[in-house]
Structures are given as structure tokens and as C-alpha cells.
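Multiple structures are listed underneath, in C-alpha cells.
Shared between the two complexes below is chain A, which pairs with chain B and chain C, respectively.
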Partner chain A sequence: MKAKNQIKSTDKHIVNLAEIVGGARSILYLKEDLVAYDCDGFTIHKHLPKAVVFPKNTQEVAEVVQYCSENNLPFLARGAGTGLSGGAIPLNGEIIISMVRMKKLISVDLENRRAVVEPGFVNLMLTNSISDKGYYYAPDPSSQYCCTIGGNVAENAGGAHCLKYGVTTNHILGLEVVMPNGEIVEVGKDGIPDAPGYDLLGLITGSEGTLGIVTKITVRILKNPEGKQTVLAYFDRVEDGSQAVSDIISAGIVPAALEMMDKTAIEGVEAAAFPVGHPKDIEAVLLIEVDGIAAGIDEQINQILEVCRKRNVREVRAAKNEEERARWWANRKTGFGAMGAISPDYLVQDGVIPRSKLPEVLSKINQISEEFGLRIANIFHAGDGNLHPLVLFDARIPGESKKALEAGSQCLKVCADVGGTITGEHGVGIEKREEMRFVFSEEEIAAQTDIREVFNPYNFLNAGKLFPSPGRCVEIKKELKAQAKIG
Partner chain B sequence: MSVRELDLKQDPPCTSGLGNYLWSDPPDEKKWADCVHCGMCLESCPTYEQTGQEQHSPRGRVHLIKSVAEGKLQVNEQFMDPVFQCLDCRACTTACPADVDVGGLIEEARGQIRQAMPLTGVKGAISKFFLRDLFPHQSRLNTLGSLLKFYQKSGMQTVVRKTKLLNVMPEHLVDMESIMPEVKEPVKKKYKDVKVIKAKGQTKQEVAMLTGCVMDVMFSDINESTISVLTRNGNDVVIPQNQTCCGALHVHAGDRDMGRKLAKQNMEAFKNFDKIIVNAAGCGCMMKEYAELFKEDPEMHAKAEEFSEKVEDISKYLHDTGYEKPKAEINKRITYHDACHLAHGQGIRQQPRDILLDIPGVDMIHMPNSDRCCGSAGIYNITNPEMANAVLESKMKNVPADVEMISMGNPGCMLQMAMGVQKYGRSQKIVHTVQLLDWAYQKEDQTKEGEK
Partner chain C sequence: MIGAESMSALKKLLNEEQIFRDEAVFNPYGNSGEVTVYPETEEEISAVLKYANSNKLTINITGGGTKRGFGGLMEKSGILLSLERYKGIVEHTPGDMTVTVKAGTPFNDIQDYLAKYNQKISLDPFWPQMATIGGIIAANESGPKRLGYGSARDAVIGLRTVYPDGKVIRSGGKVVKNVAGYDMNKLFIGSMGTLGVVSEITLKLRPLPKCESLVLVSFPQGKMEKIKVLAVNILDSMIEPVTMELLNPALANKLAGINSYTLALTFEDVESSVRYQEEFIKNILPADADLRIHSKEESESFWSEFYQHIPNTAAKELPAETEASLKIGSVNMSILNVMKEAELLIDLLNVSIESHGGLGHGLSQVTIRGAAEDVADAAAKVRQIAESTGGYAIVKHMTFEMRKEISVWGENPSYFFLLQGIKTKIDPLKTLNPKRFVGGI
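Let's turn to the complex of A and B:
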């Protein structure tokens, strides 16, 4: 047993880091192991980390961070690695600090409706742990079966039910953060909402791991809605489907979720592990869920059925039972992975558009698809205008990855041009750095990197993410400064 | 070092198609082409749960297997570790949105590893003993079985206790003591000269039965129960004498040549039957996947596919063809453990539960995560004891405290769970689903006889 816990490397950094985290079982440094960490859910860029460490507690995280910072080693934090924009890819041969062994549910305070978790705690596990008491955690990214709440905080993750309940940032009450110099700070102590001073919680949530490493999270938990019902509607024309979406919202209904898939997406989910028998020739399927006080639900459902019928729906019906409802959702929530059944690789984009522009945007995306010769499926959080074009490609064909990236970028351009933006919930990461220029001027970008500099002055923490490569002298000066420190 | 942008790097296209896999029958590119690295499999994986490390996750393993084909990694010691730490439990296949056959890839990769690095040392000796010297040879297994019986009968109970067999050889319910048989001889031997075990009453169908190796030696009473349940429900049962081990353990261990040999022998042995009934999940799953072994031999591949169609787990067979509902009560609180190769491997989840629910008096208690691996995984618990124990520990935590029996459909799980019961000071009896049905029938018969 002892032999197994011994380090076989002579690299002094590996030896020292292993010492901090408690031996060979908590560090990976051999190439064969590191290959598994060369990308996350975004697979187009790959790079090997220098090592992966598995701290057990905040203290170890702080010590690792301090060590890296003192020895000029770039580093970053990683959760389950399900991110879709490449936020956890070690572009610069980083030391990866894996948070997955910090996976405790520290406390649940039902009275004050909050829970404290470690960052490696899996999103869905929180709901599973409190559902018997009638509570749940609202943000539900499709990867909730395995993604960590720490990663959700970094990316400010959204999900199907964020239309009514808000995204991750609306559910974070407090954070413990290890700063890039190893200092441990608490933000939003005691989980009191709306603390005086600047909204640092809001700043750190969604900072994509560039401002600090979150080691403890206080989240808001909600009481289960009394009732819940889901409706499925098939449309022969995308225009009718998207008009129905607008009509539902205009009717004053706030659905818990309002999802749309187009024809190619339907082909994917039907070919995969959780088919529900959607007709093959349908142009759009809507999944509409309402929840709340049981008394009002039937009336809302009737209203929704009526709206859909007015918009030439081919077929519309409410789920017969919980089992059918669960099947519809499994079909939708595994939608991205399901693309594997019809394509070797995919690139998912994450634009946001005004709902009314959907038909226009979809037809432009179709044009892009034709122009690049790549199929594009669309999965859409229609209620809040968050569009996910999935560019299908085959990385084995030389040049096709690059083409897919360009096609994806074009899709985002379309979103930005109609008055939308380039990401709703997946983050910028590596993938959309350059596209930040579609929505921000150089000055606006520089203002944001100035903020980063306050927290992360030497940019050792998750460098090269979130913002485009240095475009002007201010940025270049910072670069020189960082190099001077290293040199 | 400066923090710099990396140019978009193109993955090198696969040069030879096989990369660093040098032997025939390499991992199938089509299998990993479906994986888009989404990570939905992570939480389903027992070894990822234990280690939190990507290389010990389904997605990570697929990525490594692909990397060898792409020439980025070699088939070496370091590659072997994650590939052999896999329990081959197939939970990831259930979790995967794109139906990636991770289990198949793992088995193919193991085949390559075993050819690149034949086993040496203690592990090699253990594997060779079990896989080449023991399981394919029924007579040797029988000898082992006789030894076990000798130990029991000679009063060397401590020995038996140490091998944790006490909980497995079902110590029967007190009220059933009279009707339950002693540990019997293997049924394959017992029915050596019986061509057809006739159905009670009218014959509906003739079926052949795989007696299995572990099953027939250590659990011959389960085989007896299977025969009894089949014949009671109108099936003539044939036990072809030239059948052999299904080869699952060999294929799991990367010994695909031996797997092919055994597969061929079984395909020959069972060729004249329309239905092949299996009561061990691992064997059933393997026999349904024989075609995987013959990817490079189209003729055998076609034959194997045809053969696999005929293989059926006992619970599904009973469920699909109908069975007499037992009338006697078994008043026990029972929980059900999904054997990986039944639930994930064959998609059989509800059928065994329905059988249990059809027994009057049975109080079914839900086991959380019932389809989580118990750590048995063929001979994994012998070759990777540390991980197997960790997996077992988390399994046992899910066994409800107040149940009296744990029912399942696989002998490997039965041994492992019995060990868990012993190790964690629990009291449950481990039973095969078909045994419970048989006991209910027998109790019913006995009651009837008493009334006469």
C-alpha cells in the first residue's frame, strides 16, 4: 500500500505539491493520466496540464494556490469538467486543482431555506438530498446529473427552469473563496441576501474561475411547488412554434420552463438513449412546464393548449403522468450528448436573442449551415431567448474542427446583430473569447480586465480565458508586467 | 514563461486507423465516435465515485482508448491501470445519452493489453489459475465443489465461515427446512444421463439450460430451482453435456482467444435449441454479446448473432412466457439488487421484481441505487480487492437495515454480497430470485399434501 502512495517523479514541484495534498493518491503527473484532463466538455482545444491535484479541504487548496503563485506556476480549478466553453482546459499547462473530492453537503437549514455545500458537490445531489423534506435547488443545467455546484458558480450556470426561477447567481447567498495569492476570504457571510457594499458575490459568480477558487458555497433552496404539469406541442412551422412562445408569455403566464427543439435536434434525441417517439417530419417541438399553487395549474394548462391551437399546432397534450413527464425531460436534458448518436463531434453555441427574432435567426443559422456544409441542430430555452445551435462535425476530417468553430462564431454574430448576446449560460471560456468583440468595445473589455487585475494581478489563475487576446497597449503592458515577475 | 494564446491545433488524423494498437481485434472506432465527452456518465461510475479521477471514469477511459488509436499514448503499464480498474459494470452505458458501448471498448482494449503485456507475478498466477486452469474445466470445478462439501460435512465450519460461504448456501427459513434440499451435486453431473427433464403436465416448449461454472458448483440448488420452476411451467429442460463456461470472465480479463474458443464450443453445444435459458446475469450478457468476439470473422459473427437471439435470462423468460402465480406465502421483507449484467447489460429490471411481487406475503423494500455495482465484477474482487471492497462498502450502505433477504440474479453478486453481509455485521440472507419462486411453489405443494 505504501509503495502506491509514493511519488515516482523527480520534479520538485510535483514532489512539493504531493506533500501538500497528502501523497501520490492525490496527485496525477504521468502523461497517461493527464491525457484524461486535456479538455473538458469543450473538446476542440486540448492541452495537457502539468499535474492534477486533489485537495481535501480549503486549507489544502489555499496552500496549493500559494505554492503555485510563489513559484510562478499557472493554475486553474476544475469541477466535473462538463463545461462547454473550455473554462477548465489547461491552455498553459496549468496545475489543475480538481475540486471533486471536496464533495460534502456541509449543512442544510430548512428554516432559513439555505444549504452549505463544498464545491465538488453534484448539483442534482442537493435536490435529491432534500426532496424528501419537500425542498429543492432550482438551477438545473442539463448536466445536473454530474456537474458540480462549484462549476455552476464559476460559469453562472442556467438551465431549463431558470426562466421562472433565475440562474445560479440568483441562488448564491455566500461564498468562501481562495484568492489567487492563497488568501482565504468569505463573501456574503451568514448568507444574508443583499449585503451592503459592492455586490462581490455577483462579481465572483460567473467569473469563470479567473478571480479566485470557490471552496464553500451557501445556496438558496426552495420549497417544492405544490403542483406541476408539462405540455408537449408539435408544430409544422418554426414560425408558429416561436409565435406560440411569445403568445404564452404575453398571456401573462410565467412557465417554469419553455423549451424548443428543431428538426435536426429531434433527429438526434430520437436516435439516442431516451427517445419518446417525436414525429420525424415535425419542424419544432415545444416543452412547456408550469408549476406553482395546485389550484391555478389546470387553468394555465388550458390557456397554453388554446394558444398552441391558435398557432396551428399539429398535436398538443399534457403529460399523462409523472413517468411520461420524466421521459420528456430526460429526452430533452440529454439532448447535447445525444448528438453523439448522429455525429462524431459537436460544438454547442450559446447565443441569446429577443424571442421575437427567433424565426429570423433560425433561417440565418440555416444559411450558415448550408454555407459551411455542416449540419446545425437547435435546442432552445425559448422562454428566455437562450439559443443553443449545435454544430455537428467530425474532428477526424482535417479542417473540419476549424470550420465548425467558424460556423459557431457566425451563429453568435447573428445573435449579436439582432440585439442579443453571445452567451446565456455556458460562459465565454476559450471558445467565445474573440466573439466578446461582437458585444464589447476594446474599452469595455479593458475595464473588465482591470477588475480581474485587482483579484488576479499576475494572471496565473486560469489565464487566456473569458477575454480576447490582448488587443491594445494596456493589455500588453500587463503582459509585460507578468513576464517581469516571472523573469 | 509567458501566458500566451495557443493556436488552434488540429488533432492529427488517424494514420493507420489503429494507431498504437498492434494486434488484431482492436477497440472499435465506431464505438468511441459516439462519445462527445459530455460527462453524463461520470456519476454512474463506481470507480470515479471512489477516486474522483477522470482516467477512472467512463469518459476518461474512452478518451484514453481513443488516444492510443490516435498514436498519442502507448499500450503500457500506465494505460493498463485505468482500463483494468474498470469494473465493466456497464452503468455508464445506461447513463450515456448516445449509447456509447464503453464496456465493449474496455474489453477490446484489455485484449490488446493482454497481448502487449502478458500477466506475470501473483496477478498472473491468479488469473491463469482461474481462467485457464479452472473455469473451462468442469471436472476440476466439481472437484473443488466436492472439497467444499467435504469441509461442510466434516465439521470444519470455521473453514467454511472463513470463505464466507455460510451466508450463501442459503440457510433456509426454519419453516422451509423440511422442503429444502441439502447441498446437492452439480446438476450437469446429476442429469448426465437424462436426455430431457420433462415438464410437469403438458409441454409448452423445450428449452436448453446453461448450468454455468460457479453456479453449478457452489449454487447447484439454484440450478435445481431453475429446472423445477421451468418444468412446473410447462418447459421440457435439456442440459447439453458438451456446454462449457460462457467465457465472460476470460473476456473481462482480456483473454479474448479463450473467450472465442469457449463461445464456439457453446454455440455448437446449443445449436439445436430455440431457447437457451441462463440464470446467471454475467453469463447471459456474455452469450448475448458473442458476436463482439467475431468482428473479424463475418461467418462466425453472423452465427453468433443468431445464437445470441436465443439466449434469455430466466426472469425475462418466465415473465414473457407466463408462469403460474404461487399461492403459498413467503412472509419476508425482501430487497432486490440489480446485477449489473442484468440491468445495464440486458435491460432487465422490472421482470425479476414482478416475480417477487407475485409471491404472496413478500414485502418488497426499495434499495436506493439498487443498480450500483457491488464490486464482484467477475474475478475483479480477487484481482482488485482494494477497489472492490470500497465499492462493496458503498453498496452495503444502501441495503435497507430491516430487510431479511436480498434477492438478485447473478452468482458473482451473491458471493460478493454475502461477503458484505458478513463483513459489515448484517444479517440478510442472499437469495436468487428464482429460488424464492421455487420455494413458494414447494411450500404450496407441501401445504396441499398436508391437506390430503
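Let's turn to the complex of A and C:
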């Protein structure tokens, strides 16, 4: 037993870090073990970490962080590694601090509608733990069965049901954070709102792990809605589908979710694990969910059916039962992975546009697809204008990864140009550093890095993410493209 | 000091009628300025800031002037920058349900405009006819409907902020979902104007409810335990009130003529849902509680009265009695303790108290009126009460003299160094709203 927990490395940092986290079982440092950590859900860019440590509690995280900062070792936090923008990729050979062993549900307080979790706690587990009492945790990224709430906080993750209930930041009441120098800070004590002072809670949420390492999270939990109904609508023209989206919202309905998939996306989901029989020749499918007081649902569903009919819907109907509803959602929620059924590789993009610009933007994305000779499927949270163009490509064909990256970037340019933004939920990470310039001026980017300097003055924590590095940006772009070729 | 040189410099930046020298010796609420300026464009705001910042002048910022009694240990700055004339709707796309407005726009002006499109900003601040959207955002004002719709941090999607050196920094954008870079909007919401002058605000909107009703449940015997049981039952049920605000007897009496603790539940939804929820409350009503159901019009007028019950420093006349108001944050159910304990101060210190608290969101407010000394004592006691429940209390309203004697924001938090670090990065010369915020920031 004891021998197994012994370190075989002579690197003093590895030895010292192992000591902090309790021996060899809590650290990886051999190359063959590290390759699993050379990227996250953004697989185009790779780099090996120096080591991966698995702390069990806040104190160990703080000690690891303090050790790293005193020894000038770059470091970063990692949850489940499902991030799609490369936030957890150890660009600088970081020490990865994996949060997966800090996965306890610390407490649930139904009376005050909140729960306290460790950062490695998996999103869906929270809802599963409280659903018997009629409660749930609202943010529902499609990756919720495996992503961590710590990762959700870092990325300010969204999901299909964020249209009505808001994204992660709207549900975070308190955080315990290890600062980049090892100091432990608690913001939003006991989940009490509006703590006097600048809103650090809001600032840290969505900071992509560059301001501190989150070690404890107080979240708001909600009571399950009394009633729920989902409508499926098929359109022969994307414009009609988009118009129906606007009409539903303009009718004063606040759907819990309003999702759309285009023809290519439908081809993907129908070829994958959860087909539901969507017609292959349809241009757009809408999935519209209304929830709330049961007595009020029928009225809203009827209104939605009517709106769709006015917009030349081919077929529209409400789910017959919970089983059908669940099938429709499984089909939608596994949409990204489903692209694997029709393409060897795909790149997920994440632009946001004002809802009213939907038809215009979709036709521009079509043009990009034609220009680059790559198919682009569209899956999106239509209700809040969050598009996920999925660029389909084959990495084995030389130059195609690079083309895919460029096509993705062009899609984001289109979003930015119509008054939208470059990411709605997946974050900037490595992937969209340069695209930050589509939406922010040099001065505005500097205003943000100023804030990073307050929290993370020496930039040992997750360096090289989120912001284009001034001067070096051209080089990085070259490097990225070179890597893309290899990847 | 604003000397002749500064005056002539300001006159180069603005027109004569945009500059006003305040001869009043003393403003009872402080936060004033030797010279008041009324910029009409963002360029003018920027020019004034840039001038002040590079000439070591300080600036206080004001909108409708309703919150002059909220924080601040400076009776006067060199310049009082009023956003009163920087107002209007910049952009409204009904289909996107977003609106962009200039900071000096009174809140109700925006709501009235949006109502024509059956839309609204889902905030319910105090004194909405006078308070400007900029001031509401800077002070992070919220009301009882926060339970249903959230607060400023949930509604604001984009800002334009003029930094002390005059540069304009955009944060967020015009779309409802956005994670590009840090969520800088959050930094300025509730920053009390200590980081920059928020000049333009983009908010996401909600549809106006199709039906609304107000259900008042009063407890003549005043038993907190009973109120708690009902509140917990409601929170644990499927119904979705947008307010669940407990009013103390004095406030319930003022607003509804009921002299006992009263729970104000508002329902906003389609009609069938509202009626269903009213029935639900009827069915779980405790034996010794009274119930009144009010129509949409009555609900609106009840709440509009409510929003006028706290002190307003923009009122023309000074109040006859000394007033103070505190905002308290605690876990939801601790509100009952806070309100109950505060009630005891009425006899103990010979003051009058109006208090209310949101049993679903954890914020309460206690307004005290009486003789100056008693009010000060009562305010200090209210803070003790709040802190004993594990919460905090901040002073939302007091005269300048009284503020000097109490710590408006309470003890500095353990992470004060971060707050200070942020302030120093953005406003190193402490040009904007000096000493208005936590720890003298």
C-alpha cells in the first residue's frame, strides 16, 4: 500500500506538491498519464501539463496555489474538461488543479432555497439530489450529466432553459475562492444578496478561471414548475421559423425554452443515437417549451400553435406525454455529439445575435459555408439569439482544420457585425481570443485586463486565455493555425 | 476649490446655461458640489471628467437626486455632475425585447414608453417618477418584485461607462446572453458612481403581465411563527408569487388600512393562472389570518404608494422629523426576526418605524422617524439586530451630519483589498464620488 503512494519523480516540485495533496495517489506526473489532460472539449489545440494534482479540500487547494505562486509555477483549475473554448488547456505547461475529488453536496436548505456544493459536484447530480422534494437547479448545459458546477461558474454556462430562468450567474449566491496567492476569500456569505461592495460574485462568475479558483459554491435552487408542455413545429422555410420565434416572444409569452435546428442539424440528430423521426426535407424544427402554473399552460400552448400556423408551419403539435417530450429533448440535447454521425470532425461555435436578425444571419452563415466548401449545421437557442453553428470538417484532409477554424471565426464576425457577440455560453478561452477584437476596442480589453491584475497580478493562474495578447497576437494566430493542421 | 480658472475652463466645455454655481452654504444631505454642471451629451460628460481628473478636482454624480442621503462623507465636491439633461431612449427593438436608454432618464418615463409595446423593465425601484435609471443601477435599487424578476444584475445587459480619464468603456452588449470577456456590467451595478459615470444602459425587457392581482394576508395576532409557516408553505408550493413581502403594522396601515403584520403577495400571469393562485392561498389560509384580494388597478396603486414610503432627498420640503432608512440583507426567514426585533424599538426609543422584507429574497428595509438622537440610536440597534442574524445592514438614508456618526456600510469585508484594488485601477486619483462607498472608497 505504502509503496504505491510513493513518488517516483526526482523533480522537487512534484515531490513537494505530492506531499501537499497526500501522496502519489493524488498526483499525476508521468507523460502517459498527462496526455489525457493535454486538452479539453476544444481539441484543436494541445499542450501537456507539468502535473495534475487532486486536492480533497479548500486547504489543499490553497496550499498548492501558494506553492505554485511562490515557485513561479503556472497553474490552472480543471473541472470535467468539457469546456469548448480551451479554457482548461495547459498552454504554459501548467500544474493542473483538478477539482474532481471535491465533489460533495455540502448542504441543502429548502426553506431558504439554496444549496452549497463543492466545485467538482456534477451539475445534474444537484437536480437529481433534490428532485424528490420537488426542487431543481435551473442552469442546464447540454453537458450537464458530466460537467461540474465549478466549471459552470467559470464559464457562466447556459442551457436550453436559460431563456426564462437565466444563466449560471443568475443562480450563484455565494463563492469561496482561493486567490492566486493562496489566500481564501468568501464572497456572498451564506448566500445573502447584495453584499456591500463591488459585485465580486458577478465578476468572478464567467471569468474563465483567471481570477481565482472556486472551492465552494452557494446556488439558488428552484421549485419545479407545476406544469410543463412542449411543442414541436416543422417549417419549410427558415424565415418562417425565425418569424414564429419573434411572434411567440412578441405575444408576451416567456417560454422556458425555444430551440431551433436547421436541415443539416436534423440530418445529424436523426442519424445519431436518439432519432425521433424528424422529416429529412424540413428546413427548420422548433422546440418550444412552456412551464409554470398548470392552469395557465393550455392558453399559452394554444397561442403558440396559432402563431406557428400563421407562419406557414408544415406540422405543429404538443407532446402527447412525458415520454415523447423526453425523447424530443434527448434528440436536441445530444445535438453536438450527433454531428459525429455525419462528419468525422466538427467545430462548435457560439455566437449571439439580436433575435430579429436571425434570417439575415442564417443566410450569411450559408454563404460562409459555400465559400469555404464546408457544411455548417445550426443548432441554436433561438429564444435568446444564441447560435451554435457546427462547422463539419475532416481533420485528416490537410488544411481542413484550418479552414474550419476560419469559417467559425467568420460566423462570429457576422454575429458581431449585426450587433451581437462572439460567445453566449462557451467562453473565449484560447479559441476566441482574437475574436475579442470583433466586439471590444483595445481600451476596453485593457479595462478588463486591469481587473485581472487586481486579482491575479503575476498572471500565474490560467495565463494566455480570454484576451488577445497585444503584439503577440499575430504569432499566436500563426501557431494556432499550425497546430490546427496537425490536430 | 473651483476658482475663476476652472470656471472658465468649464465654460469652454459647456454652454453657460449648463453650468450653475451653487451658492447654498450647506446641503443637509451632502454629496453636493460648488458648481453643478448639466452635460447633454456623452462627449460633454467625458470632457468634464477628463478636465476634473487632470486638474485634481473631485466630482459628485447625481441623477434625480432621490438618494442624496445614501452614503458619502463629503458635503461638497468641486463639481456636481447632474445627468438630469442626459435623457431619452436611444434604441428600442420591440422584437428583441431590449432597450437602450440614457442614464438620466426617469424610470417611469421609460416604463410609460415601453407600456405602449406591452413591455417593461422588470425592476421596481422606489420613487420611480423621479429616480433616474442611472441612479437606480448605480445604487443597485430593487423592490419587492425582485422575488419574481431578479434585480439590476439580472436585467442589465450592457453599459457605456465614462471612466474618470474621459474614455468610454462599453461592457456587455445588446444581446441577452453574453460571456465575451469579464462580466464588467456587474462591476458598475451598485458601485455608487465610484468607478465611472454610467452614461447608457441596455436592459432586457419582459412582457407586461396579462393579468395581475394583489393578495393581502394579515395576521391580527401578529404571531411570527404563523407567518413563517405560511411563507414556508408558499415557497414550498408550486405557486409563483412575484412578491411575498411582509409589511409591519405601521406600513400595512399606511398602505392598506390594516393595522397588523401583512403579507403582500402579487400574482402576474395569464388570468387562469392568477385565479388559480388566489384560490390556492384561500385554501391554505391559517384560521386566524384575514385575506383580501385586490384587482389589477388596486394592486398597481398599492405598489405605487409603497414605492413612495421611504425618504426622498429630492422632495421639495424637508421632513418635519428626522428620518433614516436601512437596507438589511439576511437569509430569507431571518427577516422575520429582524422585523420583529426592530418593532420593539418603537416603544423603547420613542420612534416610528415602517419596515418590510421579502421572505423569498432576503432583503428588508427599516425606515425610522423621530427625534434625531433617537433615530440614530435606533439605526445603530437595527444594525446590531441584522448582524446578530448573520446578515448586514447598510444605511440607505440619513442626513450628512448623522452619516458622519455611523458607518454607513458597516465593517469592511475581509476582501476589502480587492475593492480597493479595483477602485485604484480605475479611479486612481479618487475623482469620482469620493468617500461615497464601502471603507471610504
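Here is the rule we go by: the second predicted complex is superposed on the first by the 470 of 487 C-alpha atoms of A that agree within 3 Å, B and C clash if a C-alpha of one lies under 4 Å from a C-alpha of the other, contacts with A are read in each partner's own complex, and residues count from 1 in each chain.
Basically, a residue touches a chain if its C-beta (ideal position, glycine included) is under 8 Å from a C-beta of that chain, and two chains touch if they have at least 3 such contacts.
The structure presented is a predicted model; accordingly, all values stated were derived computationally and were not measured.
Steric overlap between chain B and chain C is absent once the structures are superposed on chain A; the two fit side by side. In the superposition on chain A, contact is made by A:V122 with chain B only, not with chain C.
Of the two partner chains, chain C is the only one that A:D450 touches; chain B does not reach it.
For the superposed model, the angle subtended at the Cα centre of chain A by chain B and chain C works out to 140 degrees in steps of 10.
In the superposed model, A:V35 lies in contact with chain B only, and not with chain C. Applying the stated contact rule after C-alpha superposition, one finds that A:G373 touches neither chain B nor chain C. Of the two partner chains, chain B is the only one that A:T43 touches; chain C does not reach it.
In the overlay built on the shared chain, the residue A:S469 is in contact with chain B alone; chain C does not reach it. By the touch criterion defined above, A:P193 reaches chain C but does not reach chain B. Between chain B and chain C, C contacts the larger number of chain A residues. In the superposed model, A:P279 lies in contact with neither chain B nor chain C.
Closest CA pair between chain B and chain C after superposition: 18 Å apart. No residue of chain A lies at the contact with chain B in one complex and also at the contact with chain C in the other.
Considering their complex, residues 1-6, 8-11, 13-14, 33-43, 52-55, 57, 60, 63-64, 67, 72-73, 76, 78-79, 81-82, 95-100 of chain B touch chain A. Partner chain C is touched in their complex by these residues of chain A: 109-113, 134, 155-156, 158, 162, 166-167, 169-170, 185-187, 189-203, 205-207, 211, 223-226, 246, 249-250, 252-254, 292-296, 298-300, 352-356, 381, 384-386, 419-428, 432, 436, 439-441, 443-445, 447-448, 450-455, 466-467. Those residues of chain C whose C-beta lies close enough to touch chain A in the complex are 93-98, 118, 140, 142, 150-151, 153-154, 163, 167, 169-171, 173-187, 189-191, 195, 206-208, 210, 232, 235-240, 269-270, 272-273, 275-277, 327, 329-333, 360-363, 390-392, 394, 409-410, 413-416, 418-419, 421-422, 425-426, 437-438. Against chain B, the residues of chain A that register as touching in their complex are 28, 30-33, 35-37, 39-41, 43-47, 52, 54, 72, 74, 80-82, 91-92, 98, 100-101, 103, 120, 122, 143, 145-147, 272-274, 334-341, 343-346, 395-399, 401-402, 405, 459, 463-464, 469, 479, 482-483, 486.
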